[in-house]
Amino acid sequence: MASFDGPKFKMTDGSYVQTKAIDVGSSTDISSYLSLIREDSILNGNRAVIFDVYWDVGTKKSEWSLSSVKLSTRNLCLFLRLPKPFHDNLKDLYPFFASKFVTFVGVQIEEDLNLLRENHGLVIRNAIEIGKLAAKAQGTLVLEFLGTRELAHRVLWSDLSRLDSIEAKWEEKGSEERLEAAAIEGWLIFNVWDQLSE
Amino acid sequence: MASFDGPKFKMTDGSYVQTKAIDVGSSTDISSYLSLIREDSILNGNRAVIFDVYWDVGTKKSEWSLSSVKLSTRNLCLFLRLPKPFHDNLKDLYPFFASKFVTFVGVQIEEDLNLLRENHGLVIRNAIEIGKLAAKAQGTLVLEFLGTRELAHRVLWSDLSRLDSIEAKWEEKGSEERLEAAAIEGWLIFNVWDQLSE
Amino acid sequence: MASFDGPKFKMTDGSYVQTKAIDVGSSTDISSYLSLIREDSILNGNRAVIFDVYWDVGTKKSEWSLSSVKLSTRNLCLFLRLPKPFHDNLKDLYPFFASKFVTFVGVQIEEDLNLLRENHGLVIRNAIEIGKLAAKAQGTLVLEFLGTRELAHRVLWSDLSRLDSIEAKWEEKGSEERLEAAAIEGWLIFNVWDQLSE
Amino acid sequence: MASFDGPKFKMTDGSYVQTKAIDVGSSTDISSYLSLIREDSILNGNRAVIFDVYWDVGTKKSEWSLSSVKLSTRNLCLFLRLPKPFHDNLKDLYPFFASKFVTFVGVQIEEDLNLLRENHGLVIRNAIEIGKLAAKAQGTLVLEFLGTRELAHRVLWSDLSRLDSIEAKWEEKGSEERLEAAAIEGWLIFNVWDQLSE
Amino acid sequence: MASFDGPKFKMTDGSYVQTKAIDVGSSTDISSYLSLIREDSILNGNRAVIFDVYWDVGTKKSEWSLSSVKLSTRNLCLFLRLPKPFHDNLKDLYPFFASKFVTFVGVQIEEDLNLLRENHGLVIRNAIEIGKLAAKAQGTLVLEFLGTRELAHRVLWSDLSRLDSIEAKWEEKGSEERLEAAAIEGWLIFNVWDQLSE
Amino acid sequence: MASFDGPKFKMTDGSYVQTKAIDVGSSTDISSYLSLIREDSILNGNRAVIFDVYWDVGTKKSEWSLSSVKLSTRNLCLFLRLPKPFHDNLKDLYPFFASKFVTFVGVQIEEDLNLLRENHGLVIRNAIEIGKLAAKAQGTLVLEFLGTRELAHRVLWSDLSRLDSIEAKWEEKGSEERLEAAAIEGWLIFNVWDQLSE
């Protein structure tokens, strides 16, 4: 039975994000995890799913391939490390991302959306670049060009020292701290979206 | 004789939507159903047809193929499950969608319009992305990026708990409840359009 | 001698539109009809020609081919049903549409202009999408996305019941009623243009 | 010696336009005529040359070929009927149109510029679509979409009955009346430009 | 030693422009001239280099090849006539134009930039179309579409009779007068830029 | 152990920039330097990395290849001279530039981003053209078109004589002075960004 039984991290407002990191193998059933993400998004999160994607970069753009996917809701963070080549069970990702049930929210995702479409045929029909929205909504041009941390800083003004301390020494950090940073980033953008979409 | 003799669902304003779900076979006559949709659109619905399309997704964008089509008016909801490969009787869909008699209204349809055009040669000459219109008409940027449910929520403020309860547990639901969700979504967007186009 | 000797239809303001529907054969002289359209446009119609095009749709966009052309001025409506393949006498259509003497006015013609250019090499140098103009001129966003009937409804507020009654039961109607609908639509857009261009 | 020894036409303000129509042969020296046009443009016309191009239309866009060119200044109108295929002496047209000494002013020339570039490699580096400028300068949207006559009508309010009488019965007119219409159109746009650029 | 030892021309404000016209051969060292241009631009000219390019036009766009380059600063004007085919010493032009040390300012250069990039692989990373800037900065639409002389006329209101007298009779002029016109044009645009960038 | 043990340059505000210029060989470990840049960016610099790229230009755009990369933070300036062809150790550059941890800030980088993407498959997901931002943020159009020096001059009004003196005589300068100019330019843009993003 799918459950988010990975580390639980405390956010700066006292709430917790439950995580699950999965090394996806050929027999891993990711569909039940995706269902839980969607359910939490619908019931607790205004139908937003925060996503980020990570790449094995090649020296030609056509050689870039998707290595990991992160999906966050208010309380959950799913981190999928993908095999190469893709297994059949990864086909569940395609309708999940194509769904119009939820809005997929990301930071600086323009290139990602192109790469997903061109290199993997993966289409997100309902995606939003949150920096552009923030820039327009708040009338602050620079928001369009910031990364996750700075964007959250300008919109939420929350304490980001934990995130900074992990990312500044990224190479020295272990997988749990990296997962914590991923969870914090997802949670931050969830809250940015929550505030902007009110 | 074509008739919408599928389940009838009650909407939150007390009105009913009559549905018809059809597994299109090689001898199914869909043209008479399309005529009823157009007639209802012209006589009862300000010439708007709400549409949504569903895809068999492939791992290349060129492999995506149309699996279902939903067409809604104020009172009717037609759900066509399409065969693969397409039968000749599906050719009726092309002039229907190409017609300028009605406006085809959808949510987050930009990618859909591209896929229809490129993968199936299907051109909708008079289509509107309702989220963009809503965003401009109401001066609320975020409306452009929402899915059906959230868009309807911001424009209509109607009770959406029934839709949420079905879509949150989508995998566990049977075909009738899924049809009900489709009917509700079509009806919601019909009402969003009705309000925006006044 | 070319003359508009087809049915004459009464419009809602009491004026009449004289029509001519032609099944174009290899020996049909369409040039004299085109001359009459241009002459009426110049002398009675502020040099506007309302046009619409109809397609034999194929399952690839490159297979679409032009099946009919409608040209309207204030008092005339010419409906040309085209042969397949095109005869030499249809070459008169090309310079007619390329002329800058008049403005070609249409509704939702963006895809049509692309198809004409790509599939037939037919270029309209002076064409206008009237919905976009109406939307800007009247500051009403939704006008850009409407079909002929709704656009006319919002701009002219004339009685459209005759048009609705024909188009709602399109499949049951004979060719004269369909021609009447075509004439009404052309006359409506002529009047929309007349009002907008004042 | 090059001179504009064709018919001289009286415009509605009492001034005259001197014309020259040339059937360009392999030994025709067009360069001296082009020099006179440029000289008149520089000395008497704020460095504007009004141009229009005419096409032998084909059923593929790539088959369209330039058949005539019209060049107008305040007092001159040069009409070149081009041979097919082009002779070497037509190479003078290329640097003439590429020059930045003058501004080339036209009506509804977007498609023309594309065709010139793609079918003939002819690039006009300093061209202006005067309808767009007029629409912005006067805040009247519809000006962008008008042909020469209507544009001049809205900007200059001069008497256009002579032009109308020729163009309405175009097929019945001889070459001198057609040349007169061309001269009037060039002179009108010259005056529109003169007024807009003040 | 490189020096601008060509004719020195007096401008309308009493200042002088020193020129150098070079027929570039296989052993010509153009790099030292380019260095002097850059030095003058940095020390005396707010890091602007005014440029213009001239083409051997072909009947296909891909056949156009660069024939001359003009580079101007406040006090200098370098005119390079290029050999065909290019010699190795012309490779110095590429990093010069690619440099971000200075801003390359031109009039109606959009097509030129495309041609440079496509036909010669020459990329100007920091180029500005001064007419567009002038139009926006001064709120005068027509400035975007003017050639050098008219643009300077509207911005600077200086005496342009010398330039007019040369360019009106261009074919009759010798190389020194043509060089003078080039120097005047460069100097004018330098001053337009100077005024706009204040 | 990686350290910035190159020349230390004093900036006009009295602070110092520590530099490191590396001729990257096949065994050079650049990853530790990149880590230091990122760390300094996160801890001392609002997560901005100022970058510039330099090219071996070819006569076709596809022949351009990256020759050097400059990365600056508030206190550090890393200058990498790249080998041709690239060694494997340069693969560290790809994820560094693809990272969303920081914002990559540059001047006139539009062509650079295209060249990086097309010629090297190098994608910067979070890049900003600072001139465009400055132009919008300060309402001064011309800022979009300036090079580093002029942009800094208009935003910071600091003393730029040292930079001018090096760049005006660039060919005569040795590598240390050129490195100083690179460090000054990076530091200037860092401060422009700092001011704009406040």
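So that you can tell them apart, the chains are marked A, B, C, D, E and F in the order they are listed, and the count of residues begins at 1 in each.
Here is the rule we use: a residue touches a chain if its C-beta (ideal position, glycine included) is under 8 Å from a C-beta of that chain, and two chains touch if they have at least 3 such contacts.
Bear in mind that the values here come from a model prediction, so they are computed numbers and not experimental data.
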{"item": "Smallest number of contact steps required from chain A to reach chain D", "value": "3"}
{"item": "Angle, in degrees to the nearest 5, of the Cα rotation that carries chain B onto chain C", "value": "60"}
{"item": "Same or different contact residues where chain E meets its copy chain D, judged by the half mark", "value": "different"}
{"item": "Length of the line joining the C-alpha centres of chain D and chain F, rounded to whole Å", "value": "51"}
{"item": "Distance from chain F to chain E - Cα centre to Cα centre, in angstrom", "value": "29"}
{"item": "Touching two or more other chains - residues of chain F", "value": "none"}
{"item": "Cyclic ordering of chains (reference chain E, direction chain F)", "value": "E, F, A, B, C, D"}
{"item": "Chain C residues touching chain D - in the complex, by the definition given at the top", "value": "31, 35, 38-39, 42-43, 46-47, 86, 91, 94-95, 98, 100-103, 117, 120-123, 125-128, 133, 136-137, 196-197"}
{"item": "Touch list for chain F against partner chain E, complex", "value": "52, 55, 57-64, 107-108, 110-112, 115, 141-142, 145-150, 164, 167-171"}
